[in-house]
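Chain IDs A, B, C and D follow the sequence of writing; residue 1 opens each chain.
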Amino acid sequence: MLILQGIIDGILIGGLYALMGAGLTLVFGVMEIINFAQGILVILGAFLSYSLVRATHIDPFVTILITIPAMFLLGYGVYYLLIARLKRDRVIMSLLVMFAVAQVIEGVLDIAYGGTLVQIHASYVDTSLRFGSINIPLVYLYAFILSAVLMGCIYVILYKTKFGRALRATTQNPAAAQLVGIDVHRVSAATLGIGVGLAAAGGMLYGMTASFNPASSYDLISRLLVIVILGGFGSVGGAMAAAIIMVVIEDVVAVTWSPVWGQTMFYLVLVAVLLFRQQGIFGKQIARAQ
Amino acid sequence: MNLLEVDEVTKAYGGIQALAGCSMTFEEGKINGLIGPNGSGKTTLFNVMTGYERADSGSVHVAGTDVTAASPDQVFSLGVGRTFQLTRIFPRLTVVENLHVASQRDGGWMSEFSRWSSPSEKVRSKEVLDFVGLTRLAAEKAGNLSYGQQKLLEFACIMIARPKAMLLDEPAGGVNPSLLLHLGGRIKALNEEEGTTFVIVEHDMEFVMGLCDKVSVMHQGRCLCAGEPETVRSDPAVLEAYLGTDMREVAR
Amino acid sequence: MTTLHAGTAPAELLRPVEAERAFRDPFEPSKRSRATAWVALFALLAAFPIVFSNPAVTSIGVFTMMFLVAAIGWNIFSGYSGYVSIGHAVYYGFGQYAVALLIEHWHVTPGASELAIIPLGGIVAAAVAVPVGLILLRVRKHTFIVLTIAAMFIFQLLAFNFAGFTGGSAGTNVVSPPWTGTVFNLPFYYIGLGAAILALLVSWGIRRSKYGLGLLAIRDDEDRAKGLGIRVTRAKLIAYVASAFFVGIAGGLYATFVGAVYPQFAFDPTYDLAIAVMVFVGGLGTLPGPVLGALVLAPIQQYFYIQFGASTLYLIIYGILFIVILLTLPAGVVPSISDRYRSWMASRQRRREEATPTVGGAMPVTVPAGPVGIDDGGAR
Amino acid sequence: MKVRQRVERAIAPPVKRRWASVAGASLLTVSLLAAGGGASLAGASTKSAKGLSGEVKVGASVSLSGDFSATGVTTKQGYQAWADWQNAHGGILGKKVHMTFLSDGSSPTQVVTNYQKLITINHVTFVVGPYSTLLTKPSSVIANRYHKAMVEGIGGGPSVFAQGLTNVFDVSAAALAQMVSFAKWIPTAYKPQKVAFAAITTPFSDPMVTQVRKILKSKGFTVTTIDIYPLETTDFSPIAATIENSGAKIIVLGTQPPDGYALIQAFAQAHYTVTAIIEASGPDQGSSFVQAVGQTNTTGVMWPATWYPGAPGYAAKTLVSIMTKQFHIKKTTISANVAEAFSAGQVLAEAVNHIKTTTNKKLISYMHSKNAKFKSVQGNVCFTKLGMNPCAQPYVFQWQHGSQVAVLPATKPGVVKIMNPKPKWGTGTAG
């Protein structure tokens, strides 16, 4: 029963990580950028929703109608302001730039909110569904549902729209995409916008399920990176599956053995998988040499 | 004697059969041409021969040694160097530095940790640079060179290690005619003076036919035929294979 | 020696001197001036704690030396091979724990004999780096970055888990040498400086060796390097172990100096980012880059804490400063300055040549070609 | 986006070595920095030397950013409040107290430099402790090197005392003592039964819980589950699930605020009924706790602390009024850290005023002497050889009807009756 509870918790929380990870993997896929700021952006999203809820007493889920567009613009701006200017060693340079961005955001959040731990509130925060001894907190369930819906939106955007086609083309070959008239910069900027926008949604959900302060981002980003690697860089579906599998493994180990080993296992699984499959669980085979 | 032997090699990517039981031999001291329509498996064959990819089945031998499962560096140390269709040099190293990358394994195991810019090394690299005519650009970053110069540099990179065989993948691609003439001259010279074996994948028929002692034709992952340029040129099967591509090119 | 028909000069005429001249960069400062600069720099560093003897200043100096050793070490692997590791804190941690635990288990008397244990931190770190490197180096660059972070967390968690051995969350103590405050920092400073010089010599030796060239080749195109006979895994592993050694030394220095070793600070997730920032700002893959980066940024960081630490303003200032440097000098300060210097020298020389139109100039022209090279002159 | 000039490169071959120019540049930078940094640090020293005579300088490093930023801020407030109170009450030896703060970003590295700076550049006469056991350890070593007493209130993990330093004085109850009164109370109220334990891996929480376990085990209670989880944990549901599954009705948690909130929330969501629950930290955070877990879930939750805003300690009322008036903090939300820092200051001042000299050496030997007893906002203070405070009798607090009250030890003044068993989750009233 305990294991079942672990599995259910893992699936629900995994969904949330999938949402936060989706932004990361999408951005990587399109422009090979490891967005090291995704962790603090999630926290930023959480703080924005927190402020909105405190100021207007609207439901937290409504706040994302404001925070997602706002954070989209942030991502869009960051692309043109910073990332587009990087010319060489983009992978690592962008990692460092985004790390610097993360520091700046953390500094700003610290000044604005201080280090106090806060949590986003809603009336249903204590409610949960019970099936026998299995217990499903409503907040987690809602979070999972919203994650699923947003992931669905991402799927639609990727596969059913013109923008999605441009985006996928850019993922596969930026140079060729440029040749057929795709404005790679605009696609990239929009992608970073979407990635950051997803962080806003993920942040709201994270802020409802856990208490947070500006220093919470470091633990988040390392886990998100692991998920994205396992899912195969650039694969949204992979990130989703990896997130759920990883969190389930972690939670099951945590309930049956110990939480410390649960977390250790989280990282050990990554190392073990990569020893056998360098492209992650779901990543495609690396393109053949020339 | 055959320096390179490819025996019944197969290689598939997903549903595409790039090599379908390809058997081929390349004689020592000869300039061998390897032609075939696009997608006939030439580059894949190179990859398999030089250890960049592992054959699904079949075997590859270099001077009698089985290299089917060898890694690129092992193949190289047996004296087989190659170039790439899209030139691969080290753009952030200077031209001279590029050259010395390949001379790593000269000497004993500690030689690796010796200076690459020792006087004797420099004499050797100047010889090679003079040979291909890049001395003037020795201190230049390789990434700043023009495409044709990069082709020459890639050629020189292999040459400096004095390989027994050089596998050139479309050396003429994107190179202007005068430079191509120069390159052809260098290949010929190296072949005559040092006895280096060449295998050249090329679409420029004039270049291949004028340079090679022997030409092999690939089609659909197999060796269609091999022989003197003249014989190959008039082989009906070859014409058949090229049908629909550019017959005049072949027949010319 | 084989006789090749060279483009112009007959091979018999080739002599080492001539080859030497052919490759010389006219703008390169002479060996002597370079050596002088380095000696002067280290003389200055050696004199620093004597001139500025305040313990708070020398304390910053000690931490700067730790960063200096680690940055030079880190650059040996990540700078030269292009495999950016942000998990070298593993070796920082192993250096710390090895030294702290060895001192404890061998009952080393507090004092100078503790300092003798510091090199063991490097050796243990290097020993750990062999199996860890063999696992991590199987993957390529992007994945490698994340995998190094994961490895760091694994070891951090293990340090928490095996509390019986490591002391768990309470950490491990090293009893500080019983020296007075005025001189306490000096031995640590000079050990750090010595280790930095050693690291620099190794880095320099690697940079001028064929082996180092192989690493740079791996950075530019690993597959191609492999095809040119470089045993890439071996090459990467050697550099990885060498850099782990120096980071381990920095860890050992930390353990004896600070006296407290904790899992989360030994295996610190932000440690490598700090190092990477230093090396990138200085100039990745260059010899003086990490030296410059560490000497400037490490003290600045500590100074910022003291000066602006009252709020997190320092984070913002540091972040913005870093972004500005990355965007304006993407290759790092060292290469950017040297490029500017070079183009300035070149334009000066051009002007001089225009004034006195002589063919030749500083370089022996072997190919009568225009500035664009032999694409045009290949038809000779 | 600028396009680099290609032609220029062809003419001026850039070669890898740019040492001289760079070595020159770095030389310059280093010397500038050395001069600049040294000068500015030294500048601080001349300024401070000139500072008002008749001031007693007390220095502290506080964590205003990083992991301990939340608690670091309250620590600073506590010291500041103490300085204000002390100055209103005659200062130290008739001189005004001047606090000097440096920020350490929660890093042990910085703390080492900071205390050296405080002592050698700011020339503080006394030092008081930073936040947390983690940082107290290295900083007390520095203080010891300069023969300074390290009077501190927030670094009572056993590892601080394990260093064997004689200059450390922890005015608060040591970690091991924190939950003792709870552990002693349980056997009086309950029959031996299953008890669940969980603790975060910090040098303070972990030993605290271990001590309770020892005591309860000796009284015949059984341990069902021990979960030790790392600092990085963000998802606490597996820990909650394990405890729920154990069926234990008595729960002892070595928490920090985030997990302290999360576990209560998880139990509440699962409607997991417990009869007694104590958390190391979390419930002590006042309104943040209420906000995080919801008003109705607070009732009955216990935590150990040496102080609470209504406690009758020495100068307690003044402290509360300083905090509310000067720092605009609601009475109910004043953190215990404030009192812990405040107490450190109080004890320091009392000791110095008693020996009538600012010599640290005499201070240390006096504080170790048998008859040295002090009173603080947290209660009585005396010291063992290693600097622990055996005179402290930490309270156990409980949320009752929306306010924090002391419930243990029952003999102490101002202590109210314990609410036992704890009501079901969500049934607490706002009071």
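Rule of thumb we're sticking to: contacts are C-beta pairs under 8 Å (C-beta built on N, C-alpha and C of every residue); 3 or more make two chains touch, one makes a residue touch a chain.
Predicted, not measured: the structure shown is a model, and the values here were computed from it.
Student: Tell me which chain's centre, taken as the mean of its C-alpha atoms, is farthest from chain A.
Tutor: In terms of C-alpha centroids, the chain at the greatest distance from chain A is B.
Student: Between B-C and A-C, flag the pair that has more C-beta pairs in contact.
Tutor: B-C
Student: Could you please state the distance in Å, as a whole number, between where the Cα atoms of chain C are centred and where those of chain D are centred?
Tutor: Inter-chain centre distance comes to 38 Å.
Student: Report the inter-chain centroid distance for chain A and chain B in whole angstrom, where each centroid is the mean of the CA atoms.
Tutor: 46
Student: Express in whole angstrom the distance between the two chain centres, defined as the mean CA positions of chain A and chain C.
Tutor: Chain centroid spacing, chain A to chain C, equals 33 Å.
Student: Note the residues in chain D that touch 2 or more other chains, in rising order.
Tutor: 10, 13-16, 65, 69, 201, 230, 232
Student: Which chain B residues sit where two or more other chains touch them?
Tutor: Residues 52, 84, 97, 137-139.
Student: Among the residues of chain C, which are close enough to touch at least two other chains?
Tutor: 25, 153, 157, 160, 223, 311-312, 314-315, 372-373
Student: Going by the contact rule at the top, pick out the chain C residues touching chain B in the complex.
Tutor: 1-9, 11, 14-16, 18-20, 22-25, 205, 208-214, 216-217, 219-221, 223-232, 363, 365-367, 369, 372-375, 377-380
Student: So in the complex, which bits of chain C are touching chain D?
Tutor: 25, 27-30, 33-34, 37-38, 40-41, 44-45, 48, 51-52, 54-57, 59-60, 63, 153, 156-157, 160, 167-171, 173, 175-176, 179-181, 184-185, 254, 257-260, 262-265, 283, 286-289, 291-292, 295-296, 299-300, 302-303, 305-306, 309-312, 314-315, 333-335, 337-339, 341-343, 345-347, 349-350, 371-373
Student: So in the complex, which bits of chain D are touching chain A?
Tutor: Its residues touching chain A are 1, 65-73, 201, 227-230, 232-239, 241-242, 244-245, 257-258, 261-262, 265-266, 268-271, 285, 288, 291-292, 294, 297, 425-426.
Student: Report the residues of chain A in contact with chain D in the complex, numbered from low to high.
Tutor: Residues 1-2, 5-6, 9, 13, 84-85, 87, 107, 110, 114-119, 121, 125-128, 130, 135, 137-140, 210-216, 218-220, 222-223, 247, 250-251, 254-255, 258-260, 262-263.
Student: Can you list the residues on chain B that touch chain C in the complex?
Tutor: 50-52, 71-73, 75-77, 81-82, 84, 88-93, 96-97, 100-105, 111-117, 119-120, 122-123, 125-139, 145-146, 148-149, 152, 157-158, 161-162, 176, 178-179, 181-182, 189, 193-194
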